[in-house]
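Each of the two complexes below includes chain A, the first together with chain B, the second together with chain C.
Now for the complex of A and B:
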């Protein structure tokens, strides 16, 4: 398979194919670093299963339809952001502005609703605002080549500033019933938000693992300079990555507004750290260049299932935070050990 | 890459790598013992928990781990112990509306007898409390209300009107019912603070015509901001004779500014704050009286109301609650009011810790 489309132009004709076939990024794409990253993903899945079995034994309320119906809704919201964050981190970047983007998108949508527009306009406004915010990030990072940490940190403050100004810090209610429908809708007992999350995971998994775009993302994460010399559209790919993340933030805002029946400027703030931690917990290296969709989903599930389980067991909230952190360390340690046990090649 | 390998292996780099590998071989037993420790922690408490706990009351504060709510928890725990009910005290570790809803969601699965919640945001909790209603779990709110249609009762610490008028009375008494005064509030958007301020102004118009409100400044619940604003007000109005601090961060900041200006004793300070923040100023005499309510009693009253809801009893007006006293009950609004606010002075401040 040829990972580098287009003819290698410029430079000397001998060097470029060499980079394309023997560079570490090519190697990473071909080997997919199976043992290393999938290894940590499976460790997380295993820890999650052990925890669920234990909690299910201790608390008879854990394996109930009622519990899982309320559990998977916030999980789906965090999951949507985390999937976007996974792609961003795989490309060697980071997005600190997700929480503010969610806040801004929900506030804009609520203001649209307040002006008497219907369900479609409201949800569309949230998606559009999220996409626009992400696209702004993408333009600065992709075209001007500013560092992602700098851009998204600045935009985190900017977006939340706009959102707080628009609402004067209050929560806005009075959303149309159609918007709220998503919060209660179920299909065969499965909340609609979770189905949405599953669909997004499937699509992103295809995009990242099968398509050309996914290869560009991983290549940029591995070595952006090599990617550029391989005639990959680095700027356009980066722009699309952050725009996708923005769109997913808009989608999260739609789901969140439905669940909380209101919009606030600070609505997604907690999701920023959770999404980054979940991606790393799942075995995607924070430096980029490799990706694990399974691990990311397992990572975000861990956060919510463990929090839910510990609440059901009556564990103090402070100890809950400590236990989740301990779990993160255990998974990271085992993952690192698996990586280092890999035979030298 | 492969071509590079041999040269790397001969360098000191490979030595480092060997050491690292040794480290990792040591890491296996270390992490295994860490996991064993975790497992033993879990197995230590491996009795199964009871299901469908009708005697379980879940109380959720705005956030856990601050003295105000710890005090409320102590009051509630004592009352529920006397009633023979179990208390589950849980909440978000930050005053975040979204986190609180997540905790509420987990709580629903336990099917408790009653949920009592102090809402970070009156609107965000509405859908999850509706869900609680669908599951036939009664919900009461305390300290901070939700939208009224999704809860059975709201246990309020004090009525806005009573509190606002009382704060004004205290200030007027110290100022001799005349002179200029200023208010430093929290955020200008906080609904409860604005309501209290509204009643302060009405009380001043009705009873103290010789007093004049010169300025209302937003301190944004930040002591440093409130401190700077108090200094500015003292400079802008040399004939200022009184201050009201309308959020708990404001009175200590005002007292500090007045002390630094060497004006303690000349300027009257009234307002709402906690004993722990105001203890030193009350003892030094910079501030004579500071006003709030007792969160311990509030927790106790909430627990008693939860017990009544659990046993399908209806609270009635002027009912005498043990440890709290007679309370006002407004059946039409489904609000229970604990009673008049509490004055903290140099004499009684050491009896409280929040």
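Now for the complex of A and C:
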């Protein structure tokens, strides 16, 4: 797809003629878009390997099992949201409400737990709340065709307002032990949360790359008008995309509650920017229409490995924010150059 | 240009009149001169920022680094002033710095072709991180005397920020509607392709709006720190969302090509009036978030009413050239 700078929602006036007649994915491959996009992903992977090698050389603590166990826990949380965000962005949308959805889901679950319900009910409440919140986004975006930025901006404020009102701004502790299990459990030394993340990545990868649903998502991201004229279920697909994102936010809330042993309304706030940045870092264009699962995973890993490495190297947290942001800018610039060099059409 | 009663601004005016009537019944204190002066005071900084954001949004772009830029310019302003640098030099330095920060965004978007949301997301973290590294979390707990003087009420009990905002709004309206560059901003936002094919310079349009955003942020930071009397590195986190919400509430199309200064000012008024009245109505702080969210959602739904240009996929995607509304 032709990069359309200046229109972040991918609503350019261009009509790509081949979308109606063949799959957007095949079209993308034939236009060599695939190579360019995973090109950026490989740049990120290479930078990551170089960084990891350098950090390992400078700090003995970097390549230890304990460090990686601590590192992958928050990585898995951010990863779950990022995978959902990748699908949302691939469809030409954006979700600013993820942080608030995570907060709302965790707070609801904690309140369920406080009323004496067990582990299953608590975790189920988080998943259900997340799914319901995402489904509400999806209804407004899919059925009423409102712009995703506006809907999710309003719902970001709304959801966090509800979550803060429910808790009066406090954090809730005293969750059942079963909920906390996910925070400690390991399989052959690999934390359970990370295994969960891997499974979600594998399923999403299949959904996006192999199934009909993935084709719909990418076609809508390429050109929603062409998708509708090709008799694709645009509204239903959009609704399902945001519902999936909501469900993944609920899952993130489950994992976060397990690690932090508490629930707060503002628990997921930082993840909104991280998830968008990680998707972009991985080479999925913000305008939608193509997707790189490998790149997205590399993008989110980069954020956490670099932050962990910089901490071990003794860089102050403030400077870490600046450096990670600079990394995003460099990767996005390289990506924009790769995409711009590609011939139009 | 469509007749006034069919425009979005008319609906917004109706909503405002309705809100004012409601307030007249429930909390007559809202109309006390002191409260109105405070309300106007709280609108000044927001109004200045929304004028810049309006231009950015009309091009179809977005700038989420506004909160970070506001914090950087405010802290630099207070630090320079507290180190005894004279008033004019401090102001010049801050305005240059703000324009520079905005211009950096402009270079990323216009020259390097990074999508606006990605570029400003990056500079949001970059500016904030560098600022916090520089201040190490320390507060500038005082501002120089001349800056305090700026925050003092003036004519009609309004302070300088309101008068500056009014002046800048007039300039912005004239710029957007009467100058070639201003019309080009609308053209580019309506259709990137059609505009560039008919000779509109993409680079010039995008660089101008992002640099202007930076300049206006610097102007706003002068009044921001004057009103607060102290600044810190974590100031204005998330403020960009308030700015974007106000502009969008004012009828600007987030997909570009449409928006007006008049509507934006109405949006600013609505956001500030709602916040003030929620306080006067003794709505608990925690519940104010729900109210704000519902109002935002309502304003988004307001466009789906019949007879308005709705945000349907078809109309949003295939837009005719240059139908930007004139304020």
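By definition in this document, the second predicted complex is superposed on the first by the 311 of 345 C-alpha atoms of A that agree within 3 Å, B and C clash if a C-alpha of one lies under 4 Å from a C-alpha of the other, contacts with A are read in each partner's own complex, and residues count from 1 in each chain.
Quick note on the criterion: contacts are C-beta pairs under 8 Å (C-beta built on N, C-alpha and C of every residue); 3 or more make two chains touch, one makes a residue touch a chain.
Note that the structure is predicted; figures quoted are calculated from it, not measured.
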item	value
Touched partner set for A:325, first chain B, second chain C, both or neither	second
First, second, both or neither for A:52, with chain B first and chain C second	neither
First (chain B), second (chain C), both or neither touched by A:190	neither
Touched partner set for A:270, first chain B, second chain C, both or neither	first
Partner chain in contact with A:337 - chain B first, chain C second, else both or neither	both
Which of chain B and chain C A:280 touches, first, second, both or neither	second
Touched partner set for A:236, first chain B, second chain C, both or neither	neither
Contacts of A:139 with chain B and chain C, given as first, second, both or neither	neither
Chain B versus chain C as contact partner of A:168, first or second or both or neither	both
Where chain A meets both chain C and chain B, residue numbers	168-169, 316, 318, 321, 326, 333, 336-337, 340
Chain C residues within the chain A interface of the complex	59-62, 108-109, 112-119, 121-126, 128-130, 132-133, 136-137, 188-189, 191-194, 202, 206, 241, 244-245, 248, 254-256, 284, 286-294, 296-297, 300-301, 303-304, 310-314, 316-319
Residue ranges of chain A touching chain C (in the complex, touch as defined)	3-9, 11-14, 94, 140, 144-147, 149-151, 153-162, 164-165, 168-169, 223-225, 228, 234, 273, 276-277, 280, 285-287, 316, 318-326, 328-329, 332-333, 336-337, 339-340
Touching residues (chain side chain B, partner chain A) in the complex	1-2, 20-21, 24, 27-28, 31, 34-35, 38, 42, 45-49, 51, 64-65, 88, 90-94, 96-99, 101-103, 105-111, 121-124, 126-128, 131, 135, 187, 189
Chain A - residues contacting chain B, complex	22-24, 27, 54, 57-62, 64, 66-67, 70-71, 73-74, 168-173, 180, 183-184, 256, 258-262, 264, 266-270, 304, 307-308, 311-314, 316-318, 321, 326, 330, 333-334, 336-337, 340-341
